[in-house]
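Remarks on the structure that follows.
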Amino acid sequence: MYNPQLNAQGQLQHLLSIEGLPKRILTDILDAAENFVGVAEREIKKVPLLRGKTVCNLFFENSTRTRTTFEIAAKRLSADVLNLNVSTSSQSKGETILDTVNNLIAMHADMFVVRHQQSGAAHFIAQHVPPHISVINAGDGRHAHPTQGLLDMFTIRKYKPEMHNLRVAIVGDVLHSRVARSEIHALATLGVPEIRVIAPRTLLPAEVEKLGVQVYHNMDQGLKDVDVIMMLRLQNERMSGALLPSTQEFFQTFGLTPERLTLARPDAIVMHPGPMNRGVEIDSSVADGKQSVILPQVTYGIAVRMAVMAILGGGNAA
Amino acid sequence: MYNPQLNAQGQLQHLLSIEGLPKRILTDILDAAENFVGVAEREIKKVPLLRGKTVCNLFFENSTRTRTTFEIAAKRLSADVLNLNVSTSSQSKGETILDTVNNLIAMHADMFVVRHQQSGAAHFIAQHVPPHISVINAGDGRHAHPTQGLLDMFTIRKYKPEMHNLRVAIVGDVLHSRVARSEIHALATLGVPEIRVIAPRTLLPAEVEKLGVQVYHNMDQGLKDVDVIMMLRLQNERMSGALLPSTQEFFQTFGLTPERLTLARPDAIVMHPGPMNRGVEIDSSVADGKQSVILPQVTYGIAVRMAVMAILGGGNAA
Amino acid sequence: MYNPQLNAQGQLQHLLSIEGLPKRILTDILDAAENFVGVAEREIKKVPLLRGKTVCNLFFENSTRTRTTFEIAAKRLSADVLNLNVSTSSQSKGETILDTVNNLIAMHADMFVVRHQQSGAAHFIAQHVPPHISVINAGDGRHAHPTQGLLDMFTIRKYKPEMHNLRVAIVGDVLHSRVARSEIHALATLGVPEIRVIAPRTLLPAEVEKLGVQVYHNMDQGLKDVDVIMMLRLQNERMSGALLPSTQEFFQTFGLTPERLTLARPDAIVMHPGPMNRGVEIDSSVADGKQSVILPQVTYGIAVRMAVMAILGGGNAA
């Protein structure tokens, strides 16, 4: 089957979504990221792997948080980084996305980190660039945000290396989540035998069971004996919508409280992609508690992004 | 005659406009740019010519596209780059342009890349800086955008080295173009014997013939047997104005279509400064066709900007 | 007494305000800055002291001018610099300041330069970071802007090394000034025997005399025989307020004119933190005159910021 992320030699050319990534490549990225965790702990947090390369953060939608993680990763690889907020410039002058991209390629850009409000934007760009250019999807509509999925897998593997023995619960707004679908695929690919989703009916996609997950509408039942709790962010724009009665009621029914956490295994870890809505999907004492690995997720996110960029840029030794 | 761009030794201190540049300096810049074309094709696209220098992109008007080209050029020369969007800060606090510039000089800035909506802004700044500081005009009102003119000359020389044998047509909104006037001067300086302008009467400056060009109001006649077609961008703000009936009608009369292109010489090249309005001044199949050198213009634009910065910064070997 | 700026060994961990800094540390910073003045005069204006470190400009309030000074200083120390304009991103997504900071620490940020419209913001962040992270206050509400205070002390010491012999006047809107209070403390700490404040009653804080200053409401009397005149900026937002009759009247009563300047000692220096309101608090001929050290203040500001960052980052030799 044609895979738009791989080149003719079966190597990763673009990172567009976790779906469709063979287990071999998924594992290669996670293994490479192990090396980059160490780079951030050195006195001089820099390696020369992308020296003289130009990385373009091509953001059609503003996201300081995501842009920052890629900017840090690229700079620690010694790349030159260009931040392009396209919504406010060329696009308003009527230039097409492809003209913008082709101009940057003509300037010898090497890598694009693309954020766009529309699903498929990064795929579209990847289809049109020459073989020596790489595209990383940094979030496209509701579709995918693969480095988030990868850093979650990395974090789980760090804390729970025996992945074929795990029970994982994904909790919250699965319907609108950029990452939930990717997580499910990645967990299955890496051999996790039991994946649960816990959500109200209104925040679940149709036929979610077909992805091979167990569906719970009751938080207490869903959390029972799990090893990993992956909380999802409740998007602000949903909060006042018709899908939810109120954020207070959401917290009462699906918020992760210290009491509910005791239903999981005693050594269960708690994850969240950030930014958190404290008191909406997660209680502050859980977010900051000893089972939380939310900040390690951020740390590993830099290592995973460095690994992806290094692999796409042609080198992967730290 | 006093030339504000040259220092007491007759060397280039500022790049403000192509008008007034002696042929010797024009040729020096184009020759230096030849070396920098190669830098962008290296594995590590960096040379240390401006290492430890501070280049300020001083933009009083937003232009991500232009800023990006200078930022890439400066970073590949190893300079430290500061992006200053002045419209939103000091200016609104009532500080004068000269106070802003003098502050940056006091911080030991070495070079200013200036973009301003008013004609003459870069000249004004250049008049007030000390001899070790250089100013590059990156577009001032309708007046000048000299690096665009230079990269166009570089591109023509690359594809048509026998410039004393060329027939060149400049097509479109000559009246409002930042570059058309500079192009005419540069082409004449470099020895191009026949320069045509093709435009409706409403988009031509008064007495344009005095610049030594042949004027055509008919596209088919104007394109006949030319070697180089330089399309101009139709500014969005003109499109709905009284000067033009409609963009469709403009395309029918002055748009570059594949049929019209056949009127030029078979090996004629097509140029456009970007961003293009596809279907307004140029047909997509021409823009992307085999005679188009629009993307090479962008590539050469980086080399030319590196050459200008290197010369102003005191070194020009790549 | 507990000092939030010093670590357990009595070394500077954060720079939050000049108040509370022992004379020893104040002098150490000024002495270190002497070395960095020379760095900016070198052919290659860079030293590797912060190579591989990540400095975050965390600006909750826009200030291109202040951000620029820290960005230049950090880049000349070879740090990687991240510019984060937080008002427009995570904060609007409901994330707390501490979550933002903790995320950046998880990404191995080393230093935060914090600008916030609320007094105490930098202190608040400093209280919550681990011992290997440093916070620099780049302006919090009306409270403090310590690098401005330090560069003023550096400038005075440069021009008037015998500080125990000086008469210094601080003129203008003392009430709303971020720096006036710090200046008074710093001048007293460094042994200046006579400190005057000159202002209308409406622009003076209550009980200002308790700080050990002499209060003048008459400009001519206050300037008599002073060695140093420190003008304050009249904030735009005050100009149309009830506290002032008009900017013209302010200039007539408290503006620094060439005539008034003659009342001070013939070798008196004139200072201003910028951006200046020419014709409001200071006459242009004075601002640009031979007694003005306003641009040297800007130059020394880079050196002082380099010194602070180098000391906080663990090295201080230039």
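Worth pointing out:
A, B and C label the chains in the order they appear, each numbered from 1.
Everything that follows uses one rule, which is that a residue touches a chain if its C-beta (ideal position, glycine included) is under 8 Å from a C-beta of that chain, and two chains touch if they have at least 3 such contacts.
Note that the structure is predicted; figures quoted are calculated from it, not measured.
Path length between subunit A and subunit C in the chain contact graph, taken as the least number of steps between touching chains: 1. Mostly differing positions are employed by subunit A and subunit B in their mutual contact, as under half of the interface residue numbers are shared between these two copies.
Summary of the copy comparison: rotating subunit B onto subunit C for the best CA superposition needs 120 degrees, to the nearest 5.
Taking each chain's centre as the average of its CA atoms, subunit A and subunit B sit 41 Å apart.
Taken together, the subunit A residues at the contact with subunit B in this complex read 51-54, 80, 82, 84-86, 88-90, 93-96, 99, 102-108.
Across the complex, subunit C is touched by residues 40-46, 62-65, 68-69, 71-72, 75-76, 236, 274-278, 295-296, 298-299, 301-302 of subunit A.
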